[in-house]
Structure formats: C-alpha cells, structure tokens
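Have a look at the structure below before the remarks.
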Amino acid sequence: MARILVINPNSSIACGAGIAEAVAPFRFPGGPSVDVVSLTEGPPAIYSWRDWHAVVEPICRCIERETANCYVIACASDPGINAARAVTRRPVLGVFRAAVATAMARAERFGVVAIVEASKARHLAALRAMGAEGRLAAEIALNVSMDALLDVTAARDGLIAAARACAEAGADVVILGCTGMSHHRAPVEAATGVPVIEPCQAAAAMALGVAGASVTFDVPPHGANR
Amino acid sequence: MARILVINPNSSIACGAGIAEAVAPFRFPGGPSVDVVSLTEGPPAIYSWRDWHAVVEPICRCIERETANCYVIACASDPGINAARAVTRRPVLGVFRAAVATAMARAERFGVVAIVEASKARHLAALRAMGAEGRLAAEIALNVSMDALLDVTAARDGLIAAARACAEAGADVVILGCTGMSHHRAPVEAATGVPVIEPCQAAAAMALGVAGASVTFDVPPHGANR
Amino acid sequence: MARILVINPNSSIACGAGIAEAVAPFRFPGGPSVDVVSLTEGPPAIYSWRDWHAVVEPICRCIERETANCYVIACASDPGINAARAVTRRPVLGVFRAAVATAMARAERFGVVAIVEASKARHLAALRAMGAEGRLAAEIALNVSMDALLDVTAARDGLIAAARACAEAGADVVILGCTGMSHHRAPVEAATGVPVIEPCQAAAAMALGVAGASVTFDVPPHGANR
Amino acid sequence: MARILVINPNSSIACGAGIAEAVAPFRFPGGPSVDVVSLTEGPPAIYSWRDWHAVVEPICRCIERETANCYVIACASDPGINAARAVTRRPVLGVFRAAVATAMARAERFGVVAIVEASKARHLAALRAMGAEGRLAAEIALNVSMDALLDVTAARDGLIAAARACAEAGADVVILGCTGMSHHRAPVEAATGVPVIEPCQAAAAMALGVAGASVTFDVPPHGANR
Amino acid sequence: MARILVINPNSSIACGAGIAEAVAPFRFPGGPSVDVVSLTEGPPAIYSWRDWHAVVEPICRCIERETANCYVIACASDPGINAARAVTRRPVLGVFRAAVATAMARAERFGVVAIVEASKARHLAALRAMGAEGRLAAEIALNVSMDALLDVTAARDGLIAAARACAEAGADVVILGCTGMSHHRAPVEAATGVPVIEPCQAAAAMALGVAGASVTFDVPPHGANR
Amino acid sequence: MARILVINPNSSIACGAGIAEAVAPFRFPGGPSVDVVSLTEGPPAIYSWRDWHAVVEPICRCIERETANCYVIACASDPGINAARAVTRRPVLGVFRAAVATAMARAERFGVVAIVEASKARHLAALRAMGAEGRLAAEIALNVSMDALLDVTAARDGLIAAARACAEAGADVVILGCTGMSHHRAPVEAATGVPVIEPCQAAAAMALGVAGASVTFDVPPHGANR
C-alpha cells in the first residue's frame, strides 16, 4: 500500500498535531497511508533564514531513513526541497508550492497571509523558483507567534482582515502561509467569501494524485539532483 | 456527501470512458463521489477554436442543471472556464490548468504532448492566463487522431519519443495534453524515466482537496464573474 | 476595388450606427469601401463570457458568406479572433488589438476605459495574447449601460474622470474600451489633454494599410488556424 | 486640411524616393496630404549608433520649422523619437514602432529582416521601449548595402529566404526592417505566404487614423517631454 | 600603468569637480591612474533627450583622441554608451549602469533619486537595456537645479526625504541619480539607515576591477559595435 | 583602516590560495585590507544542495566572530547570503552576484562557465533572486573536478571552448562560474576575444567601492533580515 510521509521540520508537537489534523480528511479506506512526523532535531519554528538552512540536513536524513511513495515537506517556506529531491527517487512536494499551484489552478491572482514579515522573503524565493511571483496580488504578515496561530480563536480576526486585504488587492483566493492553521480555513472563507487554501491539505490532495494513480513511483525526476 | 462532477465536453463515448477510467482511482469509500458526464450536444472532439467556443454554452447549461461541490471541465484546452465560473458559486477546475499547476509543484520546467499542432495555441492561451508560459520547456504535437490515442498501443511510441524530446528540451515532468490517455501514463513514465502527469487525474486529486476538506463550498470566488 | 468589412457582433442597431459613424472618415474616393454589418443573431451587447463565446459562431458564418479584403471584428473584447482567422485567408483585425497596437506606437504606457467591471478580464486576455499587459497603466470601469455610452452627453463626465485617472496612473494615451463611443473621443481629449484612441477608428486606419497597400490579400497568415 | 509629414532622416535621394513610393497609396482625395522630406544634413544612411544619434538634432529642427498634424520619422531604427516628441505637441510616429504595432495587431509573433547585423541592437532598443521584445520570433540580417535593397531585384532572394527563416522560427508576419523596400513587400509575401509589413506604409496608415479622425491635434501627449 | 578615464560629458566645471572628488578615494599608490575630463563642447547639463543625443559625438571624439584602459561616461543617463563601445576596443562603463549593477549585487530592490522628472525616462531606458527595470522599487525626482545639488546643504533634506520614500516603496538601497552629489552620500545614508550608492564611485570601483586585474585590455567586447 | 573579509566556505587549502591570488591585485597601500579565510568546518567543495545548505551556519558564525567593513562570500553559488545579511549590519557580497552585476554593467547578455552540471540550478536561483535570468545567454558546464580547475593548464581548452560556445549563444562577456580560477581569466580572454569576469575579482573591486568610499559602514541594509 502506498505511503505518503508528511515531514514537519520543526520540533513543535502542537504544530505537528495541527498538520495531522489538516491532512486527516485525506486518509481514505483503501487509499495511501498519510503519516506525519516531526523532526526532533528541528528548531521550535522556522523564523529565520538560518533556521531555514539548518533544517535541511535533518529533512534529508529523515527521507533517507523512511520509505515512502511521496514525501511532503510541511513548512510553508519549503526548506530544502532541492536537496530533498536529490536524495530520493520518489516525488517530494513542498506544501507552499502545492498551495501556490492549487491557487493558480483556481484563480489568476492569489494572496498569502504570512505569520511574520520575515517569511515574505522565503515565500518570494519559492514563488520565483516556480515562476509564479507575477500572480501574487499581495502578501500580508500577521506578525504573531506560532502559538497565537495554533490557538483556535486568538488570531482569527487578524486572519480575516488580512484575507480581505488580499482580496482588495486583487486576489481571488488566499493561501494560509504557515502550517498548523487548518482550523482557520473554513471560518476565514465563510467570513470573507474568498476561497482559502491550506497548504498541507493542498499538498495532501496532490500527493494522493501522485501516490494513488500509479503502482510504481520510483521513477526519478529527470533533473532531481540539479 | 460531496460530489465531484467531471464534464467531458465532447460527445465521444470512448473518450468519456477513458476519462472515467482515469479518475476511478480517486473514488474512495467515504470520500466524495466522482461522476463523469459526456455532453451529447458537444462535437466528437475539440479540434478547432470554433469547437472550443461552441462547447461553452453546453458546459454552462450542464453546470446549471447538475448540482456538485466541485466541477471539472475535462478537455485539455479548458474551454469556457471563465464562463463556467460565472454561472456557479462552486469551484470549477480545468484539467489542463490542474495538470500545469501540478507540474509546477513538482518541477521548475515542464513539457506538454499535444494531440495536434492546433492544440498548442489553446494550451498557450491557458498558460498565459495562469502566468505559466515561462516554464513550458517544449510542446510536441503527435498529430494523430483521438482514436489512435485512445487505442492502448497505437500511439505509444510517438508518445514516448515526444516525452523524451520534452525532457531533452529541459522538462523535468511531462503533461499529457489530451484527455482519455491515462493508460499511457505509467508506460511512458517507465520508458522515459520522466514523471508523467495525466490531466484528469491531476484535476481529480485537486478536486478531492477542494471538495473533501470543507463542508460548505458555496463560497464564490471573489472575481468569479470577471 | 478593395472592401473592408466591419462586423458588429451584437444586434444593437444604435451600436452599429455608432460604429458606422466612427469609421466614416476612413471612406475615401478611390479607397477601399468600408462596410459595417451588425449580426442579428448576436446578443444586444457583450456583457459576459457566455455572450463572448456565443457570438463566435455567427462571426465565423458572416465571414464565410461575405467576401472582403480585410475583416474587422468591432467589439472591444475581440471575440473569436482566432476562430475567425481560421475560416478565411484574408486578414482579420480586432478593434481592441488595433487600439492597443496604436497606443503602443504612440506611447510607452496606456490606459483603458471599460464599460463595466466584467470587461476587464476580457481585455486582459487580449493584452496577454498580444504580450502587452505590461504596458497597461490602469483600466477604469464606468459601470454604465451601453445606452448611456451611446448618448452624446450622459457618460461624458465619467469618461473624462476615468481618462484623468488613467493619466495619473502613468498612461500617456487612453483607449476607449467599448465601441460606439467615437463621439466622445475629441471632447475627452480636449478636456484632459491626453490623446484618446477610438478602437474602430484605429482598426479602420490599420485596415486601410492592409487593404490599400496591396492588390492581393488572399495570402494566409502562416499560423492562421492555430 | 490635415498634413502628414514623413521625414527621411538620411540624405539619400533614392531612399527618399522609395519612401515616397511606399506612402503614395495613402494619399486620397479629401484626405490628409502626405509629404516626404529628406534631411540634407543627414548621413547617406544610418548604419551606426553614431549616425543614429547624429540625425536627432536635424530631425528636431525639421519638426520645429515644418507645421504638420502628424510627423513620421521614416528610418527603421526610430532615431530621436523621444527628443522629437518633446519639441512638438503634435503626434510623432516612428515607422519601426508603427510596423511592430501593426504586426502585434495581426499576429502573436513576428519576425524582422534587417539590412545589417548592427541594426539589430537598435531594433531591440525600440522593441524594449515598446515592451514588445517577447514577441520577436527572429531577426535575420541581410548584410547588404542600401543600394542593393533599393534595387528591384538584387536582394530579392535574400529577402525571401530571410522571411522564410522568420516563419520557421515561429513568426506569423514579417517586418521589413529598413525603409525604401516597399517594392519588395508584395513579391516576398507572394513567394512565402507570410504577410509582410512595410514600415512606412504601416506608419502612413496609422497617421491617417491619427490625422484623419480629429480636427484638433495640438493636444500634447501627457508625458511628451519625459 | 593602467589609466581610467572618467568623462564628464557636460561643460560644467563645478560638476567635473564634484566627479573628481567622488572618484578621488579610488586613486591608490601603484594602482591605475584615474583622470577626469569635462567636455567643453558639451551642454551645461543634460536635461533633455536632445542634450542626451548631442553629447554623443563629443564623447566618441574624446575616446578617439584619449588612450585609456577603461573609459567611464560620467553622466547618470549613460549617454552614447553603445556608440562609445563601437569606437574603442577598451571597456566603456556608464556610471548609471555601474550603480544599478552594484545595487543589484547588494539588494533585491533599489530606488533612484533623480534630479528632474525628465531624467526618469532616460533611467528607464538604461534599466531596460540592462533588464533591470523589474527591480526598481521607486524613482523620486527632486526637481531642483544642478547648482542646488552641487551645494553641500541646499538639497539635503529633499534627498533624505526621497531616499526614505524609496525605502518605504521597498528599496533596500538607493542610487543617487545624478553625478556630482558624492558629498551627499554618507549623510543621506546616516540619516536614513539605507545604503546609498554614488554612481561615479560605483563605476570607479568597477573600473579598478576591469583595469587592475589584467595587463591587456585591448580585447573587444564580442558585440561592441552592435 | 577598513577591512574586507573574503570567506572561502569550503575547507580546500588550494581553493583558498586561488582566491587569495585572485584578490591580491586589490590590496593597495593605504587601501582597505583584504583578508581571505577558509572555513575548516566546510566541505572540500560545494557540489550539492546539501553542501550548499550545510555551509551556511559556519559562514554565519565566521561573520559573528570576525569584524570587517565588508564581507565577501567566496563561493560561486553565493551560499547563505540572506542568512549572512541577517547576522551583521555590514555589507555582505556574494561573488556570483558581484560577477553577474559586473557583467550586466558591461554588456546586455552574458554567459557562465560552470564546474559541473549541478551548479546550474544554484546559479539560476541566484540569477532569479537578482532578476537577471533573462540576460543569461548560455551556461556551459565543464563537468570536471575542482582539482582540474585549479591546475594551470588541465582544463584550459575546455574553458576556452565553453567561453566560445557562450559567445556564439549571444554572450558578450563570460563569467567564470567557480572560484579559484583566476589564472584562467586572461588566457581565456586572449584566446576568445571575449571579456572574462572572475567572480572574486569582481567582488573585491565592488568591496573596495563599498568599504573605501565611506568611513561608516555599520548602516544596515533596510531589509537585511527579510
């Protein structure tokens, strides 16, 4: 049976639990297993470029020791995605790229709600790698702690305001730019009338397509080690 | 229970069957239903711009008369996607956009294998609408009939050669640029070592994400009627 | 003698008359005839994507039954231009593309005044097809009915305000983004000091160049049926 | 009566005669006068950047001393167009920009046939100023003298081969990238099946639109002196 | 010993002195000589496109009569850089291009402070020639005379306000868009906390790299005369 | 006295020596000191994305413990440049970005000679961060070991062939895409007639501009920690 491995590169148990909750609807009888692991070697959260580089080695080691049909890196700055793709012949998805791709399939312009100002530069790097920066209508930073985001209500009003600001800037869908926020998705959508994309869910659905539509996935991406 | 409606805008029974076969792996116990309809008012296939415009009114009428949580337009030139989005508040996916988005999540550059030369202009229009034309490494036309494509072996060698040509031009994944070809996906992938994306499967997986992660989908895209 | 056929794809007699008035200055003794036809099968106006697709078949049939040296599709969203180019070997111009091209010859950045918000998406699609979206300084929608626009004075102040807003956003010329408004051109230009381009006139002048400079026009564009 | 002044910035009498021949079909009874002047202070031809800069002052002086409703700079590298626009409130067209704009209205990609290799950099500068470089399929230099081009037959075969090479590179129309070649337009079109745009004719038709559709043209472009 | 020749294309003695002051720190014992010449044939300042074209011939003649290992055109609109590169096989730098390049090495987005509104169009042309216009966060014009700029304090507050406005628009570094302002660099940097790039200094440092790292510089750029 | 610190992030003594040789011409009496350090914690060379991430922490620690007016990261894939800029208020240059910037100041299109195929993806990421990918004419990989490159003659012919291939693809200058190759610069330039840019030298010259033109450099880039 196919296995999808979702890697939370930080060491936060609460964040890992939020990711697990997000991807739970994608576990189907007869479908691929969807497992979530948190990296105990990782930092509590990825707030800086230094954190972003530091989690790459743990991610690569995790992929080397765990067998899966599809790996998902569950941090909204997609750390180490190129490095990870070079250590396995199986597909590796990043949740931010999956969310952006889903946004591009649903609308011409999208917005992103970031946890802190400093996340924007990492999102921008991912958007450039995808060739998608031209379709970012706006990115709004909440500038809150991850604990606030993980709380069911604490950051809700800020999220709704940020989603509305994205829509006013021309976004037709909004991406939650941090993991562990899936409990906010439906309420923000309901409050704003703007479709909201949760990155782990976007990646889980895409992983089902990758892992569920084929029996053999050990085919390497042509340019994996580039 | 959520329902995903996959609309084959042409009247070809064989093509509709091919689409149904492609999306079958995405029907899970407890998951959304995935129904496929072919439009009897549609042309046998969509070979020209005139065909492409002509199927829009039947697609819109189909959406108006059928209730679903997510609609999928299953023709690789995404006909009428803007018109369809203006007649429903539920999400509408086009299989080509879904395939391109999936390709962009998996690699920096992708190739497309088209059924005929004339398809390229319609694919290009969709890529421009997405802002994704810069990542098209190459598009190769097979210049065969749809009957040849639906056959299990007839066009296989041509497909493999086209996928290889895309890879040589820099594509790290290849998109099958026509529906009803899912039987070719795994063999072409195996022969070339290049991941192959089948558009109906990419859209079905994405539709699971859209329809399966939320209880209410009657939230309109902000700019749906633009 | 060469013949330029200007096709008004809607069924509005008043709109057809406005178009005829716009192109009248381009009928010269010894020059090509400039004929205007309105399509009785067309909708009263093109307000939606569904209308936009629906007029394509009537436009194609009109071109098939009428002989001309150059065809002009006189709706500012250029409906069916690719389809039309595939049914004739003679040149087919769209008035919006002709206006944008003229704007690009006269200035580095241009603005567009649209009749309604929903027109913007169709203009954007045409700009992308031309590769010209980067030079759109602003598009302002008047959100009025076509009847108001056809009136000599009703929408005048709104037009002037919109043209000024385009200029403030960096536009050095402004395009009237709807047909039948040629009576507004000179007054808006005079009031704002910004050159104003009327699409039917831009296309008529360009058609003179195409139809008047050559004796044989049955040369197909190389990629006409793409 | 409106007057269109076509300025040949070089001192070649033969070249000026070729330009006059090109624009002759655009003189209509009751239409604007179309006058051609050659600048005796100009160089025999514009082969270098130094020539290109040197003709700007003579062009500006010509515009200052001659009254017209629309000025056309008839050299395919559009020398001094910004400077010229700063010395008059009347519209100034460059023949290359007019040809490129016409090409963009007729097709998605175009080719250019240049007289010499060194012309390409000047054409590229004009394309960038227009935002149109993305639609240049190919530019082919003939590397002949202007005398050869002015001859009715001398460079014909080279032109046909260059136009074909442009079409093979994806051009759907071809621009003659030098003035005085209008006698080659129809034969190259006939030989290749690719529409051919002659810059002076494209500009003359556009000038008719500018000068013929309005009684007052002393309205300055908003950013004329930028 | 290598020689760097810095050419001030205007005839202002004060401006030439300001340039000499700017580049003085780049004269090192044992390093290349750094000479500054002002062109007596040039205009007092380069305020218009006409001025911009008129200084090209004097610049070319200066390069023809003066021997150097590297030439620097010291006007922030880089007049005649292509023409200059065609008259010598030695490297020719423009101070604006050198400043922009330095800005791109230091940050992702930069701002420019222009002397007058009309400078913006010339800066934009240079940015397009470099392919760098996408990274211009903002350009703010001071709209003062060059005399005011050359004064140590007169324009200081305006400069600081303009640099702050650039930073607010997203610039991480700011370029002084006129020569002769090096005395403003450190104070503006200190007042705003934003790194400030002085074009003549950026070019002088780059010229040291070009002239100091090699014994032979008579190697032509491949496309110098294009 | 100002100090420029050049950080070789790999542990190769030979590579560090090559870098020291490259920057030696930029040590002037009275000018800033130019010190080179190699990181003993670094890998022997940076061949993979994993290496690229792994050197970031050592680079950051080096900057934290060493005082300098300007830091230069001397690896042609610019590892950790964003992270480094967040740990110091002094300027941080990457040698690849400095080389690309210098190339853009000298010509419109450039080529890169890479040590191995896998370097291309890292160069591309840097080019995208700069907004410069549109000006890369070609990148050619030598696919040799670093030892071969450090040898005076071993890879010379391959380098010359690669530089020629870049020039044929339209490059007017060529960048050596690896450090420690400065001994190849002049010979390749002499053999090909194409200017060759050595990244450490380009960065050293630029660092002189940054460190030599100001007394105070503790001004943070505005967005350093983004």
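When the chains are written out, they are named A, B, C, D, E and F in that same order, and each has its own residue count from 1.
One rule holds for everything that comes next: a contact is a pair of C-beta atoms (placed from the backbone, for glycine too) under 8 Å apart; a residue touches a chain by one contact, two chains touch by 3 or more.
Fair warning: this is a prediction, and the values are worked out from it, not measured in the lab.
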> Stepping chain to touching chain, what's the minimum from chain B to chain F?
Replying inline: 2
> Can you name the chain that lies farthest from chain C, using the mean of each chain's Cα atoms as its centre?
Replying inline: F
> Measuring from the mean C-alpha position of chain D to the mean C-alpha position of chain E, what distance in angstrom results?
Replying inline: 33
> What whole-Å value do you get for the distance between chain C and chain D if each is reduced to the mean of its CA atoms?
Replying inline: 24
> Quick one: chain B and chain E, Cα centre-to-centre, how many Å?
Replying inline: 53
> What are the residue numbers in chain A that touch two or more other chains?
Replying inline: 129, 223
> If each chain is a node and each touching pair an edge, is that a line, ring, star, complete or other?
Replying inline: ring
> Should the ring be read from chain C with chain D in second place, what is the ordered list of chains?
Replying inline: C, D, E, F, A, B
> Which of the residues in chain E come into contact with chain D in the complex?
Replying inline: 48-50, 52-54, 56-57, 60, 80, 82-83, 86-87, 117-118, 120-121, 125, 128-129, 223, 225-226
>> Using the touch definition from the top, list the residues of chain E that touch chain F in their complex.
In response: 25-26, 28-31, 91, 93-94, 97-98, 100-102, 104-108, 129-132, 134-135, 167, 170-173, 182, 185-186, 189-190, 193-195, 198, 201-202, 204-206, 208-210, 212-216, 219-224
